[in-house]
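Down below are the structures I want you to see.
The following pair of complexes shares a single chain, chain A, combined with chain B in the former and chain C in the latter.
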Partner chain A sequence: MKEKLMSLSQAADLIQDGMLLALGGNAMHRNPTLFALELARRPLKGLKVCGAAPGIATDYLMAQVDTAYFGFFGLENEAGLAPQMRKYMEGDGPARAIEGS
Partner chain B sequence: MWGSDLVAKNPDFYHIYKNPWGDDEVVCVRALVPDYAILHVQEADIYGNARILGPSYQDALMARAAKKVILTTERIVGTYRMQEEPKLTAIPHFLVEAVVELPGGAKPGICYPEYLTVDWADHKAYQKAVKADEVKQFADKMLEGRA
Partner chain C sequence: MEFGKDYGKPEMFATAVMREIKDGEIVFHGLASSTPMVVMKAAKALGKDFTYVTLSDGVDHDWNRPPYVASTLTENTYTGSVATFGLDEIFDLYASGKGDIAFLSCLQIDKTGRIAMSYVGGDYDHPKLRGPGGAGSATLTPVTKRTIIWKTAHDKRTMVEHVEFATTSPAVDKEFTLITPLCIFRKPVGEKLLKLECIFPYTTVDEVKENTAWVIDETEVPVMAPPTEEELAALKKVDPNNILAFEF
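Coming up: the complex of A and B.
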């Protein structure tokens, strides 16, 4: 087995423009939020995201996403709707929704 | 999928084929192959063997669908822990490319049993940042002291 420990920024360097990402967890639960925020402050573009129910970490990336594949995209309970998903997807927003539930 | 408008609306994602074993038709859905599955877990060793405590949602499936996995973990544990209870390993090391020790890596969300409530002040700050086009500044603030 190979050692794979690295820093947050080293791991974030693996992500390139245009990649399809699947972020784990659900709604506000056990999402890789800090990793997503590290990506959100980088000049990445053309990302694609997918998941049965993407949550808060995926929402953090929506300014950099052109396509989202999902069944349900939201934060649930008091956290409500996913704000960046709405901002970039509703109406003629730049992010395309491919809903497959 | 029959009866849904989704099939006609997304022809690059759904396709109707004749059933090779019968006279009816079947809807096929394109398989997604993520470049990376990015997962936050409670326990991982330095090789990328990981345990998920509580609900695992689709994380194990995503790890297997993706080309490679990036893990962030609440803590690094000894490999002996995986060897003691091998069936509790949700993500095996050979799927994993990177392991980042990142306690609090699911905040301001929840990570059972480490932190059990949403940090509402931080989440409200995010909602405000979205409206003000200041998500990058929000990210900088949340990541202060971590790199």
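Coming up: the complex of A and C.
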């Protein structure tokens, strides 16, 4: 079986500009937050993100995202709407929302 | 039961929602749905024999375990389930016409039942407020026998004259209901507009009209009976942490 275990930075090295990423988890639950924080430190651009209910991890990446595909994008209840998603999508923000629901 | 002493608006609202659930039904709520979660647990405590599906993937979880946060994505709606049934399977079930109730909410709604979940103000690509999106409501509303919108605010910013961009809208051949802290609006099968069906004991038709931006034609409607002792006890039993209060 192909060995898939690798360090966080090695995994982040796989990501290039313009890639479509599916980050797991829903809203504030079961998100790959450390991976998203690692990506957020890098000069990536034009990323596309998708998920049924993207949340905190995807929100960390919004400065690098041009398109988000989702059914629900938010942090749910106590944490409310996703702040970076709003910042980069509202008004003349550069990110585009493609809802699939 | 006396308003302000034995019960408040959250309890009346929850009771009205609970009375929608009938024996034998398949009932769904999604994420960010603390109010229907508490209501459906309380309906179980009352002995209503319905099937509870939600996106924890659990079916008929152990409702005796109290929710500890308002999130409806925790293990609380999975632990003790009798079966695992994923969101994809729930959507398939509803698409085949077997879903009785879907509890959904909205940012705004109008008299035709068009609901905004995508954005409010501006346009789709330049929204003033970007909302979370429909979360499946556009899929569920046309295929669910009775879509029930719960909204814990009743004001003219929410009950608007016209929703600019509808994330979803009711199907003519399905029942569609809006429950607010003041009243119930319902669009019967075969009709296109929401009608004021009843008001709650502590309000008047005039107060409902003052807080609704669309024209309400009904002048006299029944007043729903206040929560019974059993209904209040069920709410209290399943929700000792008062998660019901979160949205009020």
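Methods note: the second predicted complex is superposed on the first by the 101 of 101 C-alpha atoms of A that agree within 3 Å, B and C clash if a C-alpha of one lies under 4 Å from a C-alpha of the other, contacts with A are read in each partner's own complex, and residues count from 1 in each chain.
One rule holds in what follows: a residue touches a chain if its C-beta (ideal position, glycine included) is under 8 Å from a C-beta of that chain, and two chains touch if they have at least 3 such contacts.
Keep in mind the model is a prediction, meaning the values are calculated, not measured.
Of the two partner chains, both chain B and chain C are touched by A:Ala53.
In the superposition on chain A, contact is made by A:Thr33 with chain B only, not with chain C.
In the superposed pair of complexes, A:Glu99 makes contact with chain B and with chain C alike. With both complexes superposed, B is the one of chain B and chain C in contact with more chain A residues. Applying the stated contact rule after C-alpha superposition, one finds that A:Ile15 touches chain B and leaves chain C untouched. In the superposition on chain A, A:Met89 makes contact with chain C only, while chain B stays out of contact range. When the two structures are aligned on the shared chain, A:Lys4 is found in touch with chain B, with no touch to chain C. Looking at the shared chain after the overlay, A:Phe73 reaches chain C, while chain B stays out of its contact range. Shared contact residues on chain A (touching chain B in one structure, chain C in the other): 26, 28-29, 52-53, 78, 99. Those residues of chain C whose C-beta lies close enough to touch chain A in the complex are 30-32, 34, 55, 69-74, 87, 118, 122, 124-139, 167, 246.
Every residue of chain A that touches chain C in the complex is listed here, in rising order: 26-29, 52-53, 70-74, 76-78, 81-82, 85-86, 89-92, 96-97, 99, 101.
Taken together, the chain A residues at the contact with chain B in this complex read 1-11, 14-15, 19-26, 28-38, 40-41, 50-53, 55-57, 60, 63, 69, 78-79, 83-84, 87, 98-100. Within the complex formed with chain A, the chain B residues making contact are 6, 10, 13, 29, 32-41, 46-48, 52, 54-55, 57-59, 62, 65-66, 70, 72, 76, 79, 93, 96-102, 104-112, 118, 120, 123, 126-127, 130-131, 135-136, 138-140, 142-143, 146-147.
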